[in-house]
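Here's a structure for you.
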Amino acid sequence: MHKIRIDIAHLIAGDFAAGAAMITFGAVLGKINLQQMFFLVWWEMIWYGLNEAICVNFFHVSDAGGSILVHTFGAYFGVACTYGFQPKRASNSINMQSSYQSEMVAVVGSIFLWMFWPSFNGGLSEGVTQHRIICNTVLGITGSVISAAATARILFGKLDMEIILNATLAGGVAVGSSCDLICEPWAAILIGMIGGILSSLGFAKIGPWIMESKVALQDTCGVHSLHGMPGVFAAIVSMIYLCTLEGKGFPADKFYFTDPSNYIEGAGTANEVQNAPGTYNDQAVAQLKSLLVTLAIAILSGLAGGFLCSMDCWKPIHSLFRDDDHFHHVLQKYPQHYLEICDEAIEYAKQAIYEIQAALIA
Amino acid sequence: MHKIRIDIAHLIAGDFAAGAAMITFGAVLGKINLQQMFFLVWWEMIWYGLNEAICVNFFHVSDAGGSILVHTFGAYFGVACTYGFQPKRASNSINMQSSYQSEMVAVVGSIFLWMFWPSFNGGLSEGVTQHRIICNTVLGITGSVISAAATARILFGKLDMEIILNATLAGGVAVGSSCDLICEPWAAILIGMIGGILSSLGFAKIGPWIMESKVALQDTCGVHSLHGMPGVFAAIVSMIYLCTLEGKGFPADKFYFTDPSNYIEGAGTANEVQNAPGTYNDQAVAQLKSLLVTLAIAILSGLAGGFLCSMDCWKPIHSLFRDDDHFHHVLQKYPQHYLEICDEAIEYAKQAIYEIQAALIA
Amino acid sequence: MHKIRIDIAHLIAGDFAAGAAMITFGAVLGKINLQQMFFLVWWEMIWYGLNEAICVNFFHVSDAGGSILVHTFGAYFGVACTYGFQPKRASNSINMQSSYQSEMVAVVGSIFLWMFWPSFNGGLSEGVTQHRIICNTVLGITGSVISAAATARILFGKLDMEIILNATLAGGVAVGSSCDLICEPWAAILIGMIGGILSSLGFAKIGPWIMESKVALQDTCGVHSLHGMPGVFAAIVSMIYLCTLEGKGFPADKFYFTDPSNYIEGAGTANEVQNAPGTYNDQAVAQLKSLLVTLAIAILSGLAGGFLCSMDCWKPIHSLFRDDDHFHHVLQKYPQHYLEICDEAIEYAKQAIYEIQAALIA
């Protein structure tokens, strides 16, 4: 009998998979009911596991923070799913808005994620590599905090809460595939800054433009901007970075992060990174293959999952972006203005006007 | 002179005691004033310390996560206390309700507890045992999250915020007495799931039925459902589990959690668990004795504490479940609807109607 | 070429500097715009770095938790700054008030700070010293929680949310300069309690009296009470404590915190604390010099920063304590009562009354 072993490393691998599912939820939340969510996660985990097995065991991808396997997969799977869930109606819904109180709680959540992101990226690494991952992740997120605030400021003349809360975290995604490789702090900061700019532009411009006007997709929490684009960017960065290493000893000659006594250990670690036999260029090709396979599996399985979930047998929800379809006793706790300004109230008012018009004509 | 040593282990032991006091607060909050709380905690700590001394030093209880010593003690002490504090009036109070905003903050608190529960259960252990505790606690809470959501869904057709926020944590209590013993992941998940179901039924059915209809007790936050019943269940589980170990080598033949090189260490740890000389069955008897003594001391000292606290010299609060009795400047910050719908407003309206009736008759 | 090394210790040193900047923000928030904040932090970091270099390298200050270098510096720099930012108008503003919802989120923040304060104070230490710091910080904050609640209760007859949320943390500041030295738990608790009392009196009495009536300063979040006074107190405590050690072996004869096997290591640690050659009295003098230099640099550079920032070229904000000057889309999310009761509404009403009066006279 084959026994499944469980230890903390396995639980962390499970957390990574749960991360992908939560990112997917960010795209579909408010548009599907509980049974659909349940089915969708079950469906996603099959393809997530398959993709991870291919990328890790066949391509030997180097993806310490899961930017390719978790963030890119979860985001593109989720966005592809939304094709099945009334995207046009969702884009026009007045229910999809945040409140002053929920944004205060969201600030707490963003600080949580900031704090624990270095542990997430470095959770499955050890020693000098873990130290490097933690430093690079902190520097990357610091870069994206600054660039996200600056981008919002330049675009709108003011800060924007949605961008501040989301795009600040994009730096953690952007360095996720190369955080165990980078030895120069400036590179981590620069990658984080570009990730922050990319994500901010995603929230402010690209998202509304691509998602809602051109194609029938609707991304509730903007996971394409926070996880999708920075995830793809992270994979590209890791390729470019690996190409620059070709022919150089890594990281002996420019290992800033620790004191000289670690240099030799660091070189040892580098050999371990290259667990696929071959050169740094071979590893860069492995990154590219992994990205393309991840995108292909995520988008195709996401479309299929969205299609399977959108069939009438699931009884799609009638009221978008509302908790009261799923939660008991929540309606009487809603703030008054949630009920006054909502799709249902507008629909009701329109109906009343039509009836009055009909009565006047008759 | 006998010096009291203080180190991190002692501070953690203090945190456990504070945990028991906080659980007790969950039962009495909103019904007693600050002086009564102060006295009650002082009184509780005497009996908590006595009970811990008896169970640890005489019975050699095995209770890594404190499910017997902390959760069961705190919950039954608190619930017994409430006999003294106007339970009937509290059960009928309209003030005891949560708001949309406070539930959002409560979600943050539940995530906090989820995250730090493995550290709480494993805080005083080391090495392989700590590793096993962390894995079992994570699996147990995962089980209770699923079963709590499912139970709410089956009972009400929708999720229920009170159950989701409370019963999801019951798995951490349910595995608390056996988390250092269990070697099979399925057992941890199953125990967590049963804990979650028990706790959900407690919130939804047993709590309202036992507490408010039959006996004069009122449990503000439902600690009997979250800590009391799962705590007793944890003790029973540890007994059953220990009985199944009798005659077997522990954990050599079925130790899933770590790689084979730890087997021998694991066996060493197991011997330490059995710090009372004797067999696994002896240990199961020790668990039973500890549970019974804990329940007896908690209920009797709780009743006594409630009686001592309910005497008129303490000036009992007149307005139930309101912060403005204890906090400065809070009244003008209350949302308007807190003031419109409250016991005082209803009382005032009733009084006004009586006066009008009296005037009409006269 | 001089390479700047970056490792976790450097990132923690950066966190300390960020801590000073955030404390400063607590004094100026709501009175300056984004560009002014940006300039102010840049300006502060120059003087923070200079002060740290002087105190650490020349005086060999012993300041594990940064009470002198971070808390005292940040608070006095910030308070001195406010001289330039319309302090009288700010003191009279009706906009400066907390809401019920924001205080609930602030409770979460306070619990965060409580939990991570021991790690902050001990982050750059190791071994027995780190253990001692963690125990002393926990005991210190425990002391200040109790004394802050008691002080509020004695002064007002009720607890006060502002004091509970702020002054409870003062114990962590108060033990910050001596937490690696103290070997008696009672000393840590006592220092924490005095810190809590000092901070509570600061919020309740000294702050309003000194700040708003006598001098043209206005401290938005009360950082002078939470960080300023307890920081100065921490420095004085470390001097007194070091003087009592003179001539005694440290900590061999009364080292409560760990078991006897650590005594010898502890003594070794003590020699490291005295990295300045000399006696304990010399170290006490170093603490005094560091405190005075820190106060001088903080106040002078703060006044200069406030002056530079208050020039008209920065376009000072017109609406105090409002987010909508800095954040996009926030105005329509404000709760209704924020807009009804604010400086602008009062100003508008006054203007309308003047116009009516003028019309009646004419």
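Should a chain be cited, it is by its letter among A, B and C, assigned in written order, with residues numbered from 1 in that chain.
The criterion applied here is as follows: a residue touches a chain if its C-beta (ideal position, glycine included) is under 8 Å from a C-beta of that chain, and two chains touch if they have at least 3 such contacts.
None of these values were measured; they are calculated from a predicted model.
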| item | value |
| --- | --- |
| Partner chains shared by chain A and chain B (touch criterion as defined above) | C |
| Interface sides of chain B and chain C: same vs different residues, half threshold | different |
| Cα-centroid distance, chain B relative to chain C, in whole angstrom | 36 |
| Touching two or more other chains - residue numbers and ranges from chain B | 101, 105, 108 |
| Of all residues in chain B, those that touch chain A in their complex | 98-101, 103-105, 107-108, 111, 131, 134-135, 138-139, 152-153, 156, 158-162, 185, 256-259 |
| Contact set on chain A toward chain B in their complex | 3-8, 11, 34, 101-102, 105, 108-109, 112, 325-330, 333-335 |
